[in-house]
Amino acid sequence: MQACRYTARMQEIPQSLALALGLLSSLDGTLLSIAGLSMRVSGVAVVAASLLALPFGAWLALARFPGRQGVIALLNGMMGLPPVVVGLLIYLLLSRAGPLGALGILFTPAAMMVAQAVLIFPIIAALARQVIEDAWGEYREQLVSFNATRSQCMRALLWDMRFTLSTAVLAGFGRAIAEVGAVMIVGGNIDGVTRVMTTAIALETSKGDLPLALALGMVLITMVVLINLAAQLIKSAAMKQHG
Amino acid sequence: MAEAIIPPRVLPLTAEHLGFRAGNVTVLSDVSLVIAPGSRNIVLGPNGAGKSVLMRLLHGLLTPTRGTLRWSSADGLAVRRAQAMVFQRPVMLRRSVRENVEFALQVAGHADVRRAAEAALDRVGLVQLADRAARLCSGGEQQRIALARAWALQPEVLFLDEPTASLDPAATRAIEETIAAIHAQGTTIVMTTHDLGQARRLADRVLFLHRGRLVEDTPAKVFFQLPHSLEASAFIRGELLW
Amino acid sequence: MVKRKIGRAWIRAMSMAIFAGAMTLPAMAEDKFIVVASTTSTQDSGLFGHILPLFKARTGIDVRVVAQGTGQALATAKKGDADVVFVHDKVAEAKFVEEGFGVDRREVMYNDFVIVGPKGDPAKVAGKNVMAALKKIEAGKAAFTSRGDKSGTHAAELRYWKQADIDPQSGKGAWYRETGSGMGPTLNTASAMNAYAFTDRGTWLSFKNRGELTVLVEGDTRLFNQYGVMLVNPARHPHVKKELGMQFIDWMTSAEGQAAIAAYKIEGQQLFFPNFRKG
């Protein structure tokens, strides 16, 4: 009995693979719009988060103040923020009953972008801080010799370390596009409006349609791998040119 | 661009009884000297004598634990702007050669960054490399870029910390020629080296350091022909000092 | 000069990011929509996919369904984050209206609950009597998965246990397993454990991961599950879309809406039975 059920489950994997390929090759409309929304939400979130997190990380790397080590430890710790907790906090903020309710963005992609940006800010900031602090060791004397201001140093280092920092940004993007807890709570998984790949997978799983859920999962993984591949190719081409 | 002599505003620099401790180790003790405008000062000594630390103290990268440093101007900004430093390992930004020079000029608030950078590269003979990635250049080229960068700032005093230590003789010669040219334009040179031959070639004045102490401070001719101290004599003879 | 250039570039990039995000904001003027807080079981049954397009065709209003457990749906509505509530827990709904959070409650339809279990039926519960079935499950200490998530289904399940004079908490951790999740995940667990479970027929019919589970107890009139729709009280939350929300409620209880509900079938079986009665 047990063995039969095990085999029945395992058959779902080749079945899902076939389903995934079918969905991809037929460019299924629903799949495209869900995948597109995933990309858009996580894309905007990572851009917004990076624009704030990279300068912040650079500032923290160069700043010296009492309690700095505590701030660094806190930031590093927040890399492990559970997405569902972030979702809950943002939900309470954006709810009509909450302080920012008047914005009316709960249950829309905008709320999802906010939640994901908050979620990945610590990742990008903490990694940026480490990268810039390491680089500062190498660049400090020369930059001080030039009389560069703190702000000029930050910008020079951020630009110089752009290849390493791009890996941090990609890490943030990966985390965002793969999470389901935050977008489920603040987005509501509304069909055609806030349904993204991960919430769609959760939905199909809860409906018991495991082959479809697995197929969507494979599509998501493929998307993320392709994006990382593209980023890697761009990076190595640029590095070859700039050293 | 007009080859101007640089009027001394922040020099002479007077150091009195400088001392520096790192942890429990005394790296420098009781070093007193005066850097006069227009001179070529070579700080000579074996490795570990404290030359690099002295450079950094004079340039303001380190704070002395003892003693004082006095510039001739009370204007702190002018004092900082009048100096430049070239390090043993050149720090190149991850951008083109030209942009490296332009960066230094931008930070200094220079009016015509593009032209000044172009002129500096021209003087050092690196114009053909201007758009190459600086980090992909050879060690000798990078050091010349660092010199061009420092020179573009038209400093009153240029500090150099063993600039040719890791270079081959051809590159070393190119660097030394550039340093001579910079000096000819009116910049005061303060340079460290452990290479006796280099000191002979470049010095007006030799400051000999041994174990953190300024053992001798004499004009170059005197130093090489009639050194006062035993350590200096031994060093010139080629002995190992420890 | 450089400082200003880079500062401006940063501002431009930030504005573009916010603009891109804002482009996803609902265009308030053109798009007519309401947010309906409903339950996962209703969503999982596929009913909304069937009736909402008909509503949109009739009125041009987009219905955005946020599907949560009944408890969470009512909490969402209490906060004013939804315009309409559509759940199946009469007791909780009455309380909701009484506390002033909801107005104009109307009964819309009912479906029924069933008890599913392993084909082999170790506790021998098969039949038409839900009370007897529950008593046999408790007596035999047969594995039973409950939603345990304060949903309408969960509340109903607990009422049946109470009526059968059994406290399922006595079996907690032993034969009574609370998953704290929606109907689908609970059925997934039951399927994997070969346990009994209490579910609404709608979710069951569209549930694809049955394993060895099958319907064992059905048809008991006590198993009927009433759905109600309410408007979130605009007196409490002035931003609630009263006009559009009422259009939805009116349509759901109109002849056309009720017919649409009745027309929804899975495997030839009607899932929901419209029962709106005026007055």
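In this document, chain identifiers A, B and C correspond to the written order of the chains, with residue numbering beginning at 1 in each.
The definition used in the following text is that contacts are C-beta pairs under 8 Å (C-beta built on N, C-alpha and C of every residue); 3 or more make two chains touch, one makes a residue touch a chain.
Source: prediction; values computed, not measured.
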### Message
If each step moves to a chain the current one touches, what is the fewest number of steps from subunit B to subunit C?
### Response
2
### Task
Determine, using the mean of C-alpha atoms as each chain's centre, which chain is farthest from subunit A.
B
### Query
By C-alpha centroids, what is the most central chain here?
A
### Task
Please work out the Cα centroid separation of subunit B and subunit C, and write it as a whole number of Å.
77
### Query
Measuring from the mean C-alpha position of subunit A to the mean C-alpha position of subunit B, what distance in angstrom results?
48
### Summary
Chain centres from averaged Cα atoms put subunit A and subunit C apart, in whole Å, by 30
### Query
Which subunit A residues reach two or more other chains?
152
### Query
Taking each residue of subunit B in turn, which ones touch at least two of the other chains?
none
### Message
List the residues on subunit A that touch subunit C in their complex, please.
### Response
5, 8, 40, 44, 47-48, 51, 55, 95-98, 101, 104-110, 113, 151-152, 155, 188-191, 193, 205-210
### Query
Along subunit C, where are the residues that touch subunit A in the complex?
3, 6, 10, 13-14, 17-18, 20-22, 24-26, 35, 40, 44, 48-49, 64-68, 78-81, 181-185, 187-188, 191, 206-212, 237, 239
### Query
What residues on subunit B touch subunit A, complex-wise?
56, 59, 61, 80-81, 83-85, 87, 91, 93-95, 103-104, 107-108, 133-136
### Query
Which part of subunit A faces subunit B closely enough to touch in the complex?
138-139, 141-142, 144-149, 152, 156, 159-162, 241-243
